[in-house]
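The chains carry the letters A, B, C and D, assigned in the order they are written, with residues numbered from 1 in each.
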Amino acid sequence: MFTLGPNRYGKAETRVVRVTRDGDAHRIKDLNVSTSLSGDMTDVHLTGDNAAVLPTDTQKNTVYAFAKKHGVAAIEEFALLLARHFVDGQPTIHHARVEIEEYAWERRAGHSFARKGQEVRTCLVHYDGETATVVSGLTDLVVLNTTDSEFWGYLKDEYTTLPETRDRVLATAVTARWRHAGEPGDWEASYATAREALLDAFATTYSLSLQQTLYAMGARVLTDCPDVCEVRLELPNKHHFLVDLDPFGLDNDGEVYFAADRPYGLIEGAVLREDAPGAGKAWD
Amino acid sequence: MFTLGPNRYGKAETRVVRVTRDGDAHRIKDLNVSTSLSGDMTDVHLTGDNAAVLPTDTQKNTVYAFAKKHGVAAIEEFALLLARHFVDGQPTIHHARVEIEEYAWERRAGHSFARKGQEVRTCLVHYDGETATVVSGLTDLVVLNTTDSEFWGYLKDEYTTLPETRDRVLATAVTARWRHAGEPGDWEASYATAREALLDAFATTYSLSLQQTLYAMGARVLTDCPDVCEVRLELPNKHHFLVDLDPFGLDNDGEVYFAADRPYGLIEGAVLREDAPGAGKAWD
Amino acid sequence: MFTLGPNRYGKAETRVVRVTRDGDAHRIKDLNVSTSLSGDMTDVHLTGDNAAVLPTDTQKNTVYAFAKKHGVAAIEEFALLLARHFVDGQPTIHHARVEIEEYAWERRAGHSFARKGQEVRTCLVHYDGETATVVSGLTDLVVLNTTDSEFWGYLKDEYTTLPETRDRVLATAVTARWRHAGEPGDWEASYATAREALLDAFATTYSLSLQQTLYAMGARVLTDCPDVCEVRLELPNKHHFLVDLDPFGLDNDGEVYFAADRPYGLIEGAVLREDAPGAGKAWD
Amino acid sequence: MFTLGPNRYGKAETRVVRVTRDGDAHRIKDLNVSTSLSGDMTDVHLTGDNAAVLPTDTQKNTVYAFAKKHGVAAIEEFALLLARHFVDGQPTIHHARVEIEEYAWERRAGHSFARKGQEVRTCLVHYDGETATVVSGLTDLVVLNTTDSEFWGYLKDEYTTLPETRDRVLATAVTARWRHAGEPGDWEASYATAREALLDAFATTYSLSLQQTLYAMGARVLTDCPDVCEVRLELPNKHHFLVDLDPFGLDNDGEVYFAADRPYGLIEGAVLREDAPGAGKAWD
């Protein structure tokens, strides 16, 4: 009559801080790890028989134990370790999804740190017992151009009142994710390259629309990161409206803006290599 | 070399409040509307040519104008109206996605209202010029059972420390969405039925795992709502840990709990009719 | 040279859920408890000598142990119990501040509950070894009137552009706190009375300004709650702007509003009995 | 019978971005401005007569107009300008309170910026027609020491279970505010000095309690900033608990920590010069 569809279960947001104490110069990795497993889960849904279920509490413990045993190098590697462990270790688990957020810190002194607070670095790994997919990314990187942005020549219907503009502030909070076709030699260097590509493409693209900027940002990551085959971007258009100062006898030649909250434009898109392999579940 | 992948753009979170003034007994509908369009969007991404782009500002205006012209009955109907308008009205727009959140209010007096603040009602509509799909739902409905929940008989590996339990508090914040195969006669009644089905199934299921409860909730919606063909649920396991009062010479027989924030279990799953039609993009 | 000024320390946001199991009809109290102590704290600040410091971890344990031993009746009583325990039990602790938030639940079945999600009930208790002060309150109670609100006759300077209005939507999220001169016989009944007073005064006051509504709300609580001597209110003016539909050939006679986020008006004020005793630290 | 107590009203969270275009190297100031006024406000509360009320909408307009006319140098100066304008310009307004948050950006290219996302800079100004008080500050500066922190020798009662420790992670999110007795010559330099003082004192204080660290941080600001007479700090103790890896046959010598959310310690205190002038309403 009814049937069980796609399902997964896991432990979300295990907050682990790993300290490495090499003499006086300590290092920290600050992560938020979410694991999800799927497999032979019909019984647990239909009858509550948990025989195939590795508890979410165990998943949490594994995150902590692995942080100790293996340390935490790049989050992509840590996610792969975890994903392989769950699927290869339990016959009832056929698929693992591991998502990690990393918060960056800057060292102020040997053992003292301040959280950077800028973008959050992310990764999403899937493993099904045979192949693994890795998506790297970042979120909440807020950027703004004070010029070199226009918007005109768009469709107009009976509900269009927006005036065309040849100069506007363009601002967004970048969420970007990029899918690797292979493994870069160095995940940290690859991340740094992709991050710079996004920032530079945003800064240097003379923009006639946020879609054009989005495409340029994705293409730049593909250009600079040879192992990346697909980039997906979500760019909220954080509107900065020029305040009308006419009633006060003041002009406003691109000087005073109101930064609006809602509503906001939302531009989403993907840029791929033409020969990108299929994504499978990489983005799920 | 590079190619544009799936993309969409729109205006997110247009907050519209529609007042209807029939004599002294006013009514209000309080919505958060997000629209997204896709279609002939290659040029705007590659060159910034906006000729195919209906501005997100226009989309916002349309939400307001439609709220006036058509009123707001059920959010599903309002979303369908908007989606059809965008696709049928512009040759370059081939697909519309409309997502609406509704905040419920209770009338305190003829023209005075208090926001209920419990769950948020949701809907997600897709329209491609030929067919429309409708997913209804709710989010942030927090429920808790003080008993009739066990968890035992699960897999144990070297990282398992969780003791089995024959009685625990089970709590979750329900996010549920249900896909309609057809249109119910009355969207408001259909929503009320689905909501009750979720609450009643949660209350009356003797639970050996949150997965079992999830399946029961989904199955109950399918049973009670004949036009619904698929239910998807996201159930965070909001852990309530029994506090160890032994050090203070006190027992704790299910009386004092610590309500934890993170990490939390996260159970996700779908329940379908066996003859459910394909979902297409309904969930995207 | 330098001197230590006012200070306090404690454990914030201990989330405790207390279940009472009288046969099949269970009851739950869901609290967020914050305790702060002060006293002989010069040494700990100047030298790190903790001899006078009752750890915040102990404060947390006390919350749990007291929830077991004494149960949780009204939050005001539970806060008083805790405050007296800390000050009367430790010579180095001279003052306790206990703040509690309570989340309301509705019973769906004997042991199944749904969180109401409307206002959060609050209390703030101070005790210095001799006298205790009690402030009750609520926050996040969102209310809206569709009519009976005007705003005109205000000061106008060179930066004033706001048109006067004889009919507007008035909406706010009420934060109200009321100070007790004595103890009401029944804290739960007193809370219900004050809550109704706020809602009714908001609904029935024909408003020429949100300040007028604020005063009416405060006065109504004083009228209906004989033991209350002072009411403080924070009322954000949640602006609902009438959307200009003229460009679309539509009128908008109080039908379609944009619910704005920021900026918002913020009206704060107190209403007291003329013979209200001094507040001391009651509001700190 | 009843009487009006302390009150104020204003426009909260006016989000203004001020761009300065000196050739190709643009500069931006990104502010969140909240203004509050008080004065002859009895009538508006009792009868709704708005004759003494300068609308909050006008206050918002003034923020924008002043950003244009005067530019935005230090937020303290901008707040002073606004406060003086409101009080000196309207006989019915006797007191102004202006609070500003500033979000820092880093220039990536001539006209392209990325938001830093670390601490938020704050100021709070009061002006009553005669004297002005200025409090500068910051919030959300998250810092962590991996060692040089102990906690032992504290009071123990029947509810104390916390083991003493000679080495722990110490982490907090700093909220600091400092009151100026005079005006520093350069607000920007003063801010930079205070910020460094806080970070350095946190890094270099061998801590036996977070209170000791708090005092050291306050004292360092007083030492380094001659015009500052009082510092107030709110330091949540962001607990990092050493994970028990014993069950997995692993030791954990300060390597793997669980970063907890709630509950958290909260340490609040002030450090003053012995000859600090009275604060008046400076902190209200």
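Simple rule for what comes next: a residue touches a chain if its C-beta (ideal position, glycine included) is under 8 Å from a C-beta of that chain, and two chains touch if they have at least 3 such contacts.
Since the model is a prediction, treat every value here as computed from it, not as a measurement.
**Student:** Supply the minimal count of touching-chain steps required to go from subunit B to subunit C.
**Tutor:** 1
**Student:** Tell me, please, which chain's centre (mean of its C-alpha atoms) is farthest from the centre of subunit B?
**Tutor:** Measuring from the centre of subunit B, the most distant chain centre belongs to D.
**Student:** With respect to inter-chain C-beta contacts, which pair, A-D or A-B, contains the greater number?
**Tutor:** Ranking A-D and A-B by C-beta contacts puts A-B first.
**Student:** Just how far, in Å, is the C-alpha centre of subunit C from the one of subunit A?
**Tutor:** Chain centres of subunit A and subunit C, defined by C-alpha means, are spaced 38 Å apart.
**Student:** Would you kindly tell me how far, in whole Å, the mean C-alpha position of subunit B lies from that of subunit A?
**Tutor:** 23
**Student:** Centre to centre, by mean C-alpha position, how many angstrom separate subunit A and subunit D?
**Tutor:** Computed value for the inter-centroid distance: 30 Å.
**Student:** Note the residues in subunit C that touch 2 or more other chains, in rising order.
**Tutor:** 15, 61, 65, 159, 161, 247-248, 261-262
**Student:** Could you list, by residue number, the parts of subunit B that touch subunit C in their complex?
**Tutor:** So the residues of subunit B in touch with subunit C come to 14-21, 26, 28, 30, 61, 64-65, 67-69, 105, 108-109, 111-119, 140-148, 169, 199-200, 202-204, 240, 243, 245, 247-248, 250, 252, 254-261.
**Student:** Provide the residue numbers of subunit C that touch subunit A in the complex, in ascending order.
**Tutor:** Result: residues 158-159, 161, 247-248, 261-262 of subunit C touch subunit A.
**Student:** Tell me, which parts of subunit A touch subunit B in their complex?
**Tutor:** Touch residues, subunit A against subunit B: 1-15, 34, 36, 41, 44-58, 60-62, 65, 89-90, 92, 151-157, 159-162, 207-212, 214-215, 218-219, 222, 230, 232, 236-237, 262-274.
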